[in-house]
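Before anything else, here's the structure in question.
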Amino acid sequence: MTDYRTLLSFGPEGWGDDIAAGVLVTVALALATLPFGLAIGFLVALAKQSGEKTLRLAGNIYTTVFRGLPELLTLFLVFYGAQIGIQQFVRLFDAKATVEINSFVAGMVALGAVFSAYASEVFQSAFRAIPNGQYEGGYAIGLSKLQTMRLVILPQLIRIALPGLGNLWLILLKDTALVSVIGLADILRQTGIAARVTREAFLFFGLACLIYLALAILSSIAFGAIERWSGKGGVQR
Amino acid sequence: MTAENLTTVPHVDRPPPLPARWTQARILGTTLLCLWAAAGLGLIYFLVRSWNPDLLHRYAPNYLSGLWVTIQLVVISIIIGALLSIPIACGRMSKNRIWSGLAYGYVYFFRGTPLLAQTFLVYYGLGSFRHQLDAIGLWTFFRDAWYCALFAFSLNTAAYQAEILRGAIESVGKGQWEAAKALGLSRIQALRKIILPQALIVALRPYGNEIILMIKGSAIVAIITVYDLMGETRRAYSRTFDFQTYIWAAIIYLAIVEALRNIVDWIERRITRHLQR
Amino acid sequence: MGISRRIVLALSATALAMSMGAASAQDATKLKIGTEGAYPPFNNLNASGELEGFDIDIAKALCEEMNAECEFVTQEWDGIIPALQAGKFDAIIASMSITEERAQQVDFTDPYYTNSLTFIAPKESDFDPSAADGKVIGVQQGTIAAAFVEENYPNADLNAYPSQLEAWADLSNGRVDAVLADFGVQYGWVQSDDGQCCEFKGDPVDSNDRIAIAVRKGETELAEKFNTAIAAIRENGKYAEINKKYFPFDIFGE
């Protein structure tokens, strides 16, 4: 029997250090995806909220596409397709240039697109929950459209959207596992390599599940704190 | 505020006009639509240019059989998951500490870890317990990648469906239970005749979303040697290195998901007609 | 797929990657070598995460010969050709057989070893390559072995794995009845502790298949450099030394 302590140690014989590096990659990928996923999701929600028909349509196409495609397929499309497409595009200007979408960036773009499509739905339903009187009230006290959005609507919007966004974050964290398929050294890839090499598949994949679970629990705790903090200023209804 | 107070307010800017003819938005929207159209046309151009009857002839039957595998996998695991979700949802709502703790742990584990990791754990993880599984006669089941995928997916979707079920049942007001009790209905009768019909309206959309998530999530079985739609796509791509193989898969997945979403919308409209005002 | 918003994003995101990647692409003495890292004893990762194996040693010897500074990039097998085309690396040294389908996508150098496809199966099994109908055969996805089974054993059950290691794992688990793969890689496994369960079954089903280095289409200059280097290490005994380190037989072929 192999000694599990050696296998999980941080030394040269053990996989602990490799897996720890994998955890960092997973967390970094999820954290890097979050801000731009949120920003695009918000913009798409604005477009879908707008009175302008063409904007609504453009926004709806975006969500239809990125909610409809399997995440794994989106990842392949970005990693291989976009790479070849951009390469050809750049070659038009400079025959020698090489563009590299590394697997981290590909993962970020693909997961961000999926995340933003779902986030736009969350934002949109949060928009619907804010009565029109809030906008009118903002205008009535002389705020501009932008100011109303920033000072009146956004704070309420975030509070309403927070639970939904928390869910999306957990989904994002889990979806990062897919990048292991395109070779990014995340938790699942590192444990997968260890499982292949040591033939202790149950140990390492079980460990992978436990690490994801720990990350999910940590996230829930953090989100609980953020929700309590953001709820402080709000009116209890 | 009274009417007198209002008249004393000195001067208020007029509210900005409603965004009826806001040209900036129209320009932006039209530009974006044009970009979408360009992307769509580019896609069509790409597919037309790389049109290859041989390829189609050779791989179209594979795609169809892959699609069939995907559908089977999703339908069967959704049904098994639905059956499993009932005791789990009961456990979640139970007042018994042990029951509800177990159900909570189950749901948390399957919702907190990636489906891909769960599938690997079942397929490769259980693979290393071949002799133990053989001894209890379960190896014939876990030997086959398809059954492993079905097993992992059913357990996974059971956790999600249990939460949907619980959420839906809890969304029905307490008064409904009390009223049913007052009418002399038993708990089971109340659940069947009063609570579930209302709960299912609430649950319809989440159920639809869960099916869609399963269809999309099922693409990962390609990694454990199951030839579903994605598996056939990867096989075709690994032989031809032609990127259109992935484009076709994308179109098929999008079409299924959109069709399903429209069906759910339609059902929802029909069963909520009495609620519309 | 060109998608309005995504393209802008992808472009801005890649601007960073490009600024970093540009230097190495210009400098001719720096080469990026793509390999799989899951194909022992040719290219695999050890517990400290380093690449080792026959391909790796050959690649290092060739780079030394060409006076190039080489950096290895690991890439999943089924994406290795697209990744080469996309410029993630400049050459594939990963025991890749020359096939017609691949030759339409990439250019090959002269072969650096010869290979045959051979079955392995558990020692107690009566598996026979000439009667494999209804058997479950494990292969690695996207290899000539996978193509061979598809074409010659239409009635066998094909299990295609992302890497060779998973195919073997399932052979020793009993999920597949036999594994078809290159002789060299099967030899390495049968010799190892894990592979004690199994042995070669029957004669090679397909022989004389040649393994070469792949470069992007049209990069004949690089291919020529590799050819010269292969000839040189054949000449100066370096090749024989590496060969002996891994195999007790001559792997180059005629």
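As written, the chains take the letters A, B and C, and residue 1 is the first residue of each chain.
As a working rule, a contact is a pair of C-beta atoms (placed from the backbone, for glycine too) under 8 Å apart; a residue touches a chain by one contact, two chains touch by 3 or more.
Not measured: the values here are computed from a predicted model.
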Chain located farthest away, centre of subunit B as origin (C-alpha): C
Of A-B and A-C, pair with higher C-beta contact tally: A-B
Distance from subunit C to subunit B - Cα centre to Cα centre, in angstrom: 38
Distance from subunit C to subunit A - Cα centre to Cα centre, in angstrom: 34
Separation of mean Cα positions, subunit B and subunit A [Å, integer]: 18
Subunit A, residues touching no fewer than two other chains: 58, 65, 77, 80-81, 84, 181, 199, 201
Contacts with two or more other chains, residues of subunit B listed in rising order: 32, 36, 124, 127-128, 223, 247, 250
Touching two or more other chains - residues of subunit C: 1-5, 82, 162, 166, 169
Sites on subunit C touched by subunit B in the complex: 1-5, 78, 81-82, 101-102, 104-105, 141-142, 146-147, 159-162, 166, 169-170, 173-175
Sites on subunit B touched by subunit A in the complex: 12-13, 15-16, 18-20, 22, 25-26, 28-30, 32-33, 36, 108-109, 111-118, 120-121, 124-129, 212, 215-220, 222-223, 230, 243, 246-247, 249-250, 253-254, 257-258
Sites on subunit A touched by subunit C in the complex: 12-15, 18, 36, 40, 58, 62, 65, 77-87, 90, 96-102, 105, 108-109, 112-113, 181-183, 193, 196-197, 199, 201
Touching residues (chain side subunit B, partner subunit C) in the complex: 32, 35-36, 38-39, 42-43, 124, 127-128, 130, 139, 143-145, 223, 225, 234-235, 237-241, 247, 250
Contact set on subunit A toward subunit B in their complex: 47, 50-58, 61, 64-65, 67-73, 76-77, 80-81, 84, 136, 139-142, 144-145, 170, 174-178, 180-181, 188, 192, 195, 199-202, 205-206, 208-209, 212-213, 216-217
